[in-house]
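Below: a set of structures, written as structure tokens.
The two complexes that follow have chain A in common; it is paired with chain B in the first and with chain C in the second.
Up next, the complex of A and B:
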């Protein structure tokens, strides 16, 4: 049987084996580097792992929040940023993708604003929304921008990419406008939308961590990392960085499974 | 299959090798040209002794550095935003002698194992907590956002002490980090409700009507030591004469400042103010206000050592230093750290030879 792609062992467990091998190679390289440098700013994997576990439930008079508290603070901001981004990007994306006049009207603003990194909006967000209130409006705004544009552009591309023959066939069979939306546009553009959400959530997550390192936040994973660096607790700093990666993986994998489930 | 395995293995080996080659990064082994790289903090009136030592006018025609044959230059990243940044610069090999607060000098040495030592005092007191209108008592701080220059700074540490001394739960106040030169603007826009910083930034904010002083150094921790001079152990070991010469200039400039401060009508006082205005880029009024209550010194005497040991104890109690970190750094307790980390041999040599 012909096999697709480049395989080493040629069996169905190869993927898992390579994943584990790659992970172990990463851990070994990290460990070797830490031993080579032998300085506190490059702790070994066990030191980071212990710091990560302890930080999940430990507080000090200096920091009354556990890492779990900081994680929830960051995720809370991402959640609301995602909600607002989807609430605007999905309807707007379908409208822009389906209607040429709407696209022509909206595209100047979109093309101008899209390349601006979300973090560049932070000074404006701080002044506009303040950071002192109970609802983290400034942070949510930054995340909103990070998620909004990828979702919008992917939906637009998804809608515009639908084959005209599908529309013709449906109309020939007597489909009405709402049938076109329900039975052609939404299902056909769903993969693009989910891709946009996956990219947007990744961007939003990286953005909020960077934003939390700026001197206006006092909690969140980004703040945790910066704070630990300021008092040279490098094992805890690295633990925070590792947690960012772990949560990022969980988010993206969850969205991937959600996409597969929606497409069934 | 074997060719593929060989290819994968080769790529992996190349990646590991590249990582290892870049890991340790490259120490600069050039011979020392005799110039001491000095670190100091942004607009910090505590550290004006460095600039006085560099002033020909203060030295009576020749600067104190020149008089004692000391060549200095500002370290690469100077001025630094806080003492933690100075300790990081020490670790990176960018600084030979640095002015910084005692807490970051302690925290960086214990937590990051940066091989520094404290060789002289620079000043005591000289910080203040400025808050917006409407905050008039410590209890009013509950629910507010207060900025400090950084988690390892003396101001951060003092603020935590202030909260505790006034029965306020740390969790009831939001503490954020900000560069000192941005604190006034943040207070003005309402992004923060107050800040604690080294002078003259508190005096500057009050002079512009952006708040008032809720507490200063004397209220929070009477007589507390503040900035110190630190150097890398290896630098002091390799160049003891240079370190001693530097301290001669430091002693001379500090004594000059003490005399100037003792007579506010003197030309020396006015020159001190002028130099401080240049260092801080603040007005004369602000600088004079900031200098009130400031004390400059150089000695590593019993008062200094007692205050230093108190800091270490407090840092351990606050959780910034842990017993494990102290143990890894080779210290049994606060007294042991104070005894071994503070090295008065150079300042005694310098004083004896003046």
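Up next, the complex of A and C:
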């Protein structure tokens, strides 16, 4: 069955026209607001865009890092937080989803810790890791927390949501107990797991930006925004915010592609 | 029927379920079920709702361990579920993340068959059940009847010794149901499989079966067996058909009523 529409960022648009129109409307609205408000903290789109492009490779006397350096700093922290979170959440998630006793044992701790926003862990993380003088570790830690819980929860839901009859079906088709994990549990729970990772990365990204605004850090996109606002360079501040949004989109879309690839 | 070594021998099969938390809460689903089935026979089991017919079928499949009794196929005792006892589910139980072709190839994959060979065989069975053109569709894109065809092909592709079908057309509308009944007979003619088919539709049972086995109310055992000697395809409106229907319905209704009585007085049954 052929499907109509254009592939843009992995979404099918039966009318790309609407997509372009929406984007243009956004730019126009922004522009009009900027002209109307006419304050330095409300630059126009072209001003922001120029600032964004330039800042990627320029430094200032105050700030030895380019925007690209800041982007890298933030992503680096997210990356490691992701690695550790997946390393722990994936095996634990499958264990909890599969075994009721494990779930009951782990549940109190998880339910209690889960609602605490990762940023709230920052003071503790600073103290814990400042002993080693290692602030990046504190950042990685809170991102780890931000990603860990959604991934865990979604994997557990994914595993528990598997229709029991599918196991029976597999057995009557010649599967042995050990085939069930690879052939049923993993593929059936993959969408849930990827959803959890997407949510987790979203949370982690927002968390690191917020964390970088605290006096603890001296680089990263969060820091960049705060710093530029302090010296009234609002065009660069908005550029930073825009960059955060762009990178967020890139990360989520990459995960969606990764999911497609895993399902082959 | 050769009684020395029937193809399938079910002997004294009984299954009871005990509540783990309350050992006095026992449900007897099947009691003392005895049946011999010849190779290539199409046996249909009819019974009132809740009588234990699904449990019976699952015991024969090896999905459930009987409390007592045993099942022998070709003289060998049953040791658990396997591809030699194919199963078709009322709710289809297709793997939603796999396409039609990959659902059908599941059993072949487990055997480690290489891709080209798998494809060749799955093509055969896709033709057999009439799903050409839908090989790359996912179950959610298919109608109920089509999904059940996938279920059928998926089980048949492993060349099972016996095909177990648990109210396979129960989720389908009446017209699709009739079509699928004809399809099953067509496939049975082509493959000469031994089939044990469970239903609660008397009409369906007489239309399909070599023998109709009527079960008692819970716990299930055999109330009566009606051979159906009419040539196929059978005319549901014919007199002989109506005659057998009348007899089967009589026995079945008796058991249905007994089942209802039982519900008013909770207990273990006879």
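The working rule: the second predicted complex is superposed on the first by the 240 of 264 C-alpha atoms of A that agree within 3 Å, B and C clash if a C-alpha of one lies under 4 Å from a C-alpha of the other, contacts with A are read in each partner's own complex, and residues count from 1 in each chain.
Here is the rule we use: a contact is a pair of C-beta atoms (placed from the backbone, for glycine too) under 8 Å apart; a residue touches a chain by one contact, two chains touch by 3 or more.
What you are looking at is a predicted structure, and each value in this text was computed from that prediction instead of being measured.
Within the superposed three-chain model, A:33 lies in touch with chain B and out of touch with chain C [touch as defined at top].
Once the two complexes are overlaid on the shared chain, A:178 sits clear of chain B and of chain C alike.
Of the two partner chains placed by the overlay, only chain C lies in contact with A:169; chain B stays clear of it.
Contacts of A:190 after superposition: chain C is touched, whereas chain B is not reached.
Between chain B and chain C, more residues of chain A are touched by B. Judged by the touch definition given at the top, the superposed model places A:233 against chain B, while chain C stays out of reach.
Remark: chain A residues 6, 8-10, 25, 29, 32-33, 36-37, 39-42, 60-65, 126-127, 130-132, 215-218, 226-227, 230-234 touch chain B in the complex. Every residue of chain B that touches chain A in the complex is listed here, in rising order: 1, 4-5, 8, 12, 15-16, 19-20, 23-24, 82, 84, 87, 91, 107-108, 111-114, 145, 147, 150-152, 160, 164, 169-171, 174-179, 182, 186, 189-193, 317-320.
Contact residues of chain A toward chain C in the complex are 1, 163, 165-166, 168-175, 179, 183-184, 187-188, 190-191, 263. In the complex of the two chains, the chain C residues touching chain A come out as 58, 61, 63, 80-83, 85-87, 89, 91, 93-98, 106-107, 109-111, 137, 154-155, 158, 164.
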